[in-house]
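Note that the chains are named A, B, C and D in the order they appear, and that numbering of residues resets to 1 at the start of each chain.
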Amino acid sequence: MTEQNFWQKYIFSTDHKIIGMQYMFTGMIMALIGGYFAYTFRMQLAFPGTEVFGFGTVSPHEYNSLVTNHGTIMIFWVAMPVLLATFGNFLIPLMIGCDDMVFPRLNRLSYQVFLLSAIVLVASFFVAGGGFGGAWTAYPPLSAQAKYNMTQYGATLWLIAVALEFVAFLLGGINFITTLMNSRAKGMKMYDIPIVLWMIVLASILFMASVGPLIAGAIMLLFDQTLGTGFFDPAQGGDPILWQHLFWFFGHPEVYVVLLPAMGIVAEIITVFSRKKLFAYKTVLYTAFATGVLSFFVWAHHQFIAGIDPRMANVFAVTTLLISIPIAEMLFVYIATLYGGSIRLTAAMLFALSFLAAFLIGGVTGIFLGASGADIYFHDTYFVVAHFHYTFFPIAILAVFAGLYYWFPKMFGRHMSETLGKIHFWGTFIPFNLIFLPLFFLGAAGQHRRIYSYELFSELNSADFQNLRVLATVALIVMLIFQLPFLYNFFASMLRGKVATANPWQANTLEWAAPSPPPHGNFATLPEVYRPPYEYSVPGRESDFWPQHEKPSGESKA
Amino acid sequence: MDLIIEQASSFAADIDMVILLIAVLAGFWFFLAEAVLFYFIFKFRQRKGVKAQYITGTRKEEKKWLHWPHNLIIVCDLVIIFFAIKVWYDIKQDLPPAQEVVQVIGRQWSWQFVHPGLDKQLGTADDVATVDELRVKVGVTYHFKLESRDVLHSFSVPVFRLKQDAVPGRVFTGWFTPTKTGTYDIQCAEMCGMGHGLMQGRLVIEDEAAHDEWLRNKAT
Amino acid sequence: MSTMPIATTRSMTGIPTGRLAVWWVIGSEIVIFGGLLACYLLLRNLYPHWGESAAHTSTLAGAINTFVLLTSSLFVVLAHHAAERKRHIAAFFYLWLTIGGGLTFLLIKAFEWSYEIAQGYTITANLFWSYYYTAAGIHASHVIVGMIIMAIISFDVLRQRNLPRVELIGIYWHFVDIVWIFLFPLLYIAK
Amino acid sequence: MLRLYVVVALSFSLPVVASPRQGKQTYAFCAVCHGERGEGNHTVGAPQIAGMEEWYVREQLLKFQQGVRGTHPEDIAGMRMRPMARYLQNTAQIEAVSAYVAALPTLKSTSTLKGSWVKGEVHYKLCIACHGADGKGNSQLKAPALVGRSDWYLLTQMRNYKAGVRGNDPKRDPVGMTMRPITMTLDEQAMIDVVAYISGLR
């Protein structure tokens, strides 16, 4: 390998690890922006009309824009790049014992398109009229016509940014799927693939199969905005509800697109830190398949009261409640895996376990919303907000932190501080519950989403409710402050942390066979695979782990 | 539910019943799962000299720990589906005959209500149109004709447990029967632009005498 | 330019990596066009009067274009055939015939559209025309992208490099062709 | 617990007092439709308000808040304005934003209507008594200036007065009431002409 200068090595690299980290750092920056937005509008809700430190007074127009872009950023520019692209890029070649992705330059292109989309989105906040404020679902006619949304440029740029992001992940997804299908190490059969890779690839396939109609829809909406066509304009014969179908046909599978990788990360971590084989590996896969297939038939539960045929709602209520079964079963598998283990509560494990605990709340509250009768009341209230934050927060924050603490030694060759990690964990998990538990209550009291101020609504303007809103906001600020130890820990450990060995957690999967951090090309000699990935505490063996690449000749090398 | 927010329509109690049912069934599984999770974390924490067990989860007696919860959840789901759809059917699909009809029109960013006048017929000269104020009689079954003039809105009355999106170019018909007098909030529940958060209406439920009195005042 | 990673050379499934990837690309494209056409068909069923607008499309131009695209698909098959036999000059020649087919297609399209626009059937005329221009426009952009990639590959082929890529662009070109075969009856013939 | 909220509230917010700074801040709400310079936006129905008299802005904001304006089913633009005005909670905010609007440099209005200046001059004789021959208004009579307003907006408001959409509340809007009989005498073309004449004034 010839010497590379800084630009070649870190900016225009085709190395999957560097690209993964590019996604990670972009995702982190976007998460900071999204967190800042959340802080701003939570302050407005807690102390309406006052000047927010670091922003100024929030106008209704800005409020809508903040809410919209908080949602958009957190899903498309934080959860997707970090869960799919960071872990996908970093782990797939390492875990299948390979030197890189099959199309390194396609991979680089996908990141560049993604970066461009992030830049376009950020630019949309600064154009005349401000950023788009029609909610992340962008229902037309509001999103389609500037005379309604008053963000002529913001809305168009937002739409272009989202479409570009889709293209980036299509390119990335093709790479993930092809790599996993074709480039596994010798001896790695279907059921020897670690769960996390299965999940990332299933998620990519789900994404690919669901996003197409929305891309077509985005082009149609773009024409509505810029050329004045009437695809979604009832005055010209179009149908605004059509967009909702296109959007949610993608939007609901999208939840599973980010859920599955998170589930995968958690599977890796709980097996390693409880020294257990994963309970019923195939069941996990089947439930994941079932979830993926079912997720295409549940989309209209977002539209129960949107004016679809009421008979259709019955069908979707049934499918929606059915999808709770595979997800619940997957969670039971994970809990069963803990049985009889030897659990080490490292920072990574704490985050992984808290994912299970918190996601259960998200899953259970989803049943209220999927049951059509109850949804009439809960639809578009804060109950929904709290519900999907209890799913997305564990997915995009808890599982990601779990993954970062776990794979950090592999990424940078050094350990993060466990003490700071635990402070960070409790400082994240407790405030998280304090933010969103009050919101369940407020939602049940009839408080609707995306409302700028509750002062006009006499039923919601009571002092008790306001105290709950303040509690949620204070908890948010506490949580944001507790991210500082993480950021310090992350960057300080990168430079000065305890040097890590190749396999510090005594894990089985192939990435731990490579040096920490892996050089370009990853492995000195490409490994071969002799056994499934979760052979921990096998009876009759001295050590409690049995790496996949270890030759079965008897003598222990680890 | 009725402790947090009043029930002011004939079907509010039905919806609250479904919510309670789900809360009990789902809550049971939730607390069970969390309890088991925390018990395992405590029981199987790392201890010196205790090695983890090797359980594949593929044997029949191990899998039963998945199958039984799995089957029981299906049963719970079916119960929930049954009641959810029943309530849904009563509220959204099976409209009881209307005694009076009101027209509800959503605009950026106000609600306009057209009440039938003293003749109880909509579309006649004595109709009373108001903005941001809906006045209805207690105990009378109303049909509402919901329209929108520009973007999507959602007509939401929390005390009624009622919500329906308004879509430009379409008219949706729904129903409600107020059961107690009072003044309540009407909200917009679908993002409709800058003033969405300020799009507030008032619902006044009054007895027939007071309502007629109001109509007469409006007519003059 | 980095050397090709070992990953790219592996083939666990037995399908060459490039071909596998192209099939996945086509899979994701199918849902894009599928979504658009599903919307179109749904509305077309709801609004039978769209037929009147469709009557103003030029079936002749559409038919000629179908013929042109099918012919170009034949050329790309011949190019693949030649490439497999390492006759790189012939492959180069056939690839450019295919590109020529694409160009003819676009030229006819340009004349057809300018005629229609001159008659007042613009993209905003009504919903049928919106779908007509959007669907055909997205398809035409695929034709253009295909032609550019094909041109790049053709010069590689001339230097006797990356010959298997002829097959890949061929698969893609067939896909673009098939999309047109769906578009043509839906937009032109159904009146 | 309450004390904690107060401490947090104070550390993150500033007390509310009327000040030029507050006027500018509050105007940010208005700028979305009425524009940074108060130039208005015809597509969303927001008129040009730069340099509008302070007393007039205040009164109209109060009228919107109290539901005197913006509650008639035909007054679509007014209904968009009403929730915005309702959000200004205290008098300090209203004072501040009125002063800010009044201080914005008056802009020349662009004409969007074609009317007869000559005929308009005849009809304008009706208006002179209150709005003045120069169209600068008379605060004593609560007649606002007409120059510098968007012509389409003047026309809409005359139509509204005539149709009883505005100035229909004798108790709460006696001043608006006086506009009604005047507009009753004008037909559509006359209104356009008079607006054309007003646009020519300076």
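Note that contacts are C-beta pairs under 8 Å (C-beta built on N, C-alpha and C of every residue); 3 or more make two chains touch, one makes a residue touch a chain.
Keep in mind that what you see is a predicted model, and the values were worked out from it rather than measured.
A.B. asks: So which chain is the furthest away from chain B, centre to centre on CA atoms?
C.D. replies: Between chain B and the rest, the longest centre separation is with C.
A.B. asks: Just to be sure I understand: the centre of a chain is the mean of its C-alpha atoms, right? Then which chain's centre is nearest the mean of all of them?
C.D. replies: A
A.B. asks: Using the average of all C-alpha atoms in each chain as its centre, how far is it in Å between chain B and chain C?
C.D. replies: Taking the mean C-alpha position of each chain, the two centres sit 48 Å apart.
A.B. asks: Quick check: how many Å separate the C-alpha centres of chain A and chain C?
C.D. replies: From the centre of chain A to the centre of chain C is 35 Å.
A.B. asks: Please tell me the distance, in whole Å, between the geometric centres of chain C and chain D computed from their C-alpha atoms.
C.D. replies: 57
A.B. asks: Name the residues of chain C that each touch 2 or more other chains.
C.D. replies: Counting only residues that touch two or more other chains, chain C contributes none.
A.B. asks: Find every residue in chain B that makes contact with two or more other chains and list them.
C.D. replies: 108, 194-195, 198, 200
A.B. asks: Of all the residues in chain A, which ones touch at least 2 other chains?
C.D. replies: 60-61, 150, 452-453, 456 - these are the residues of chain A that touch more than one other chain.
A.B. asks: If you go through all the chains, which pairs of them touch?
C.D. replies: Chain-chain contacts present: A-B, A-C, A-D, B-D.
A.B. asks: What residues of chain B sit close enough to touch chain A in their complex?
C.D. replies: Those residues of chain B that touch chain A are 1, 4-5, 14-15, 18-19, 22-23, 26-27, 29-30, 33-34, 36-38, 40-41, 44-47, 50-58, 62-63, 65-66, 69-70, 73-74, 77, 80-81, 83-89, 91-93, 108, 150-152, 154, 156, 158-159, 161-170, 172, 183-185, 187-198, 200.
A.B. asks: Which chain A residues qualify as touching chain B in the complex?
C.D. replies: Where chain A meets chain B, its residues are 60-61, 63-64, 133-135, 137, 139, 141-142, 148-150, 234-235, 240-241, 274-283, 304-307, 310-311, 313-314, 317-318, 321-322, 324-325, 328-329, 331-333, 335-345, 353, 356-357, 360-361, 364-365, 367-368, 371-374, 376-381, 441, 444-446, 448-453, 456-460, 536-539, 544.
A.B. asks: Enumerate the contact residues on chain C facing chain A in the complex.
C.D. replies: Chain C reaches chain A through residues 2, 5-8, 10-13, 15, 17, 20-21, 24-25, 27-36, 38-39, 42-43, 47, 123-124, 126-127, 130-131, 134, 138.
A.B. asks: Give the list of chain A residues in touch with chain D in this complex.
C.D. replies: That would be residues 43, 46-47, 49-53, 56-57, 59-62, 129-130, 146-147, 150, 452-453, 455-456, 467, 470, 474, 477 of chain A.
A.B. asks: Spell out the part of chain A that touches chain C in their complex, as residue ranges.
C.D. replies: Going through chain A, the ones touching chain C are 14, 93, 98-104, 170, 173-175, 177-179, 181-184, 208-217, 219-220, 223, 227-231, 236-239, 242, 246, 249, 521, 526.
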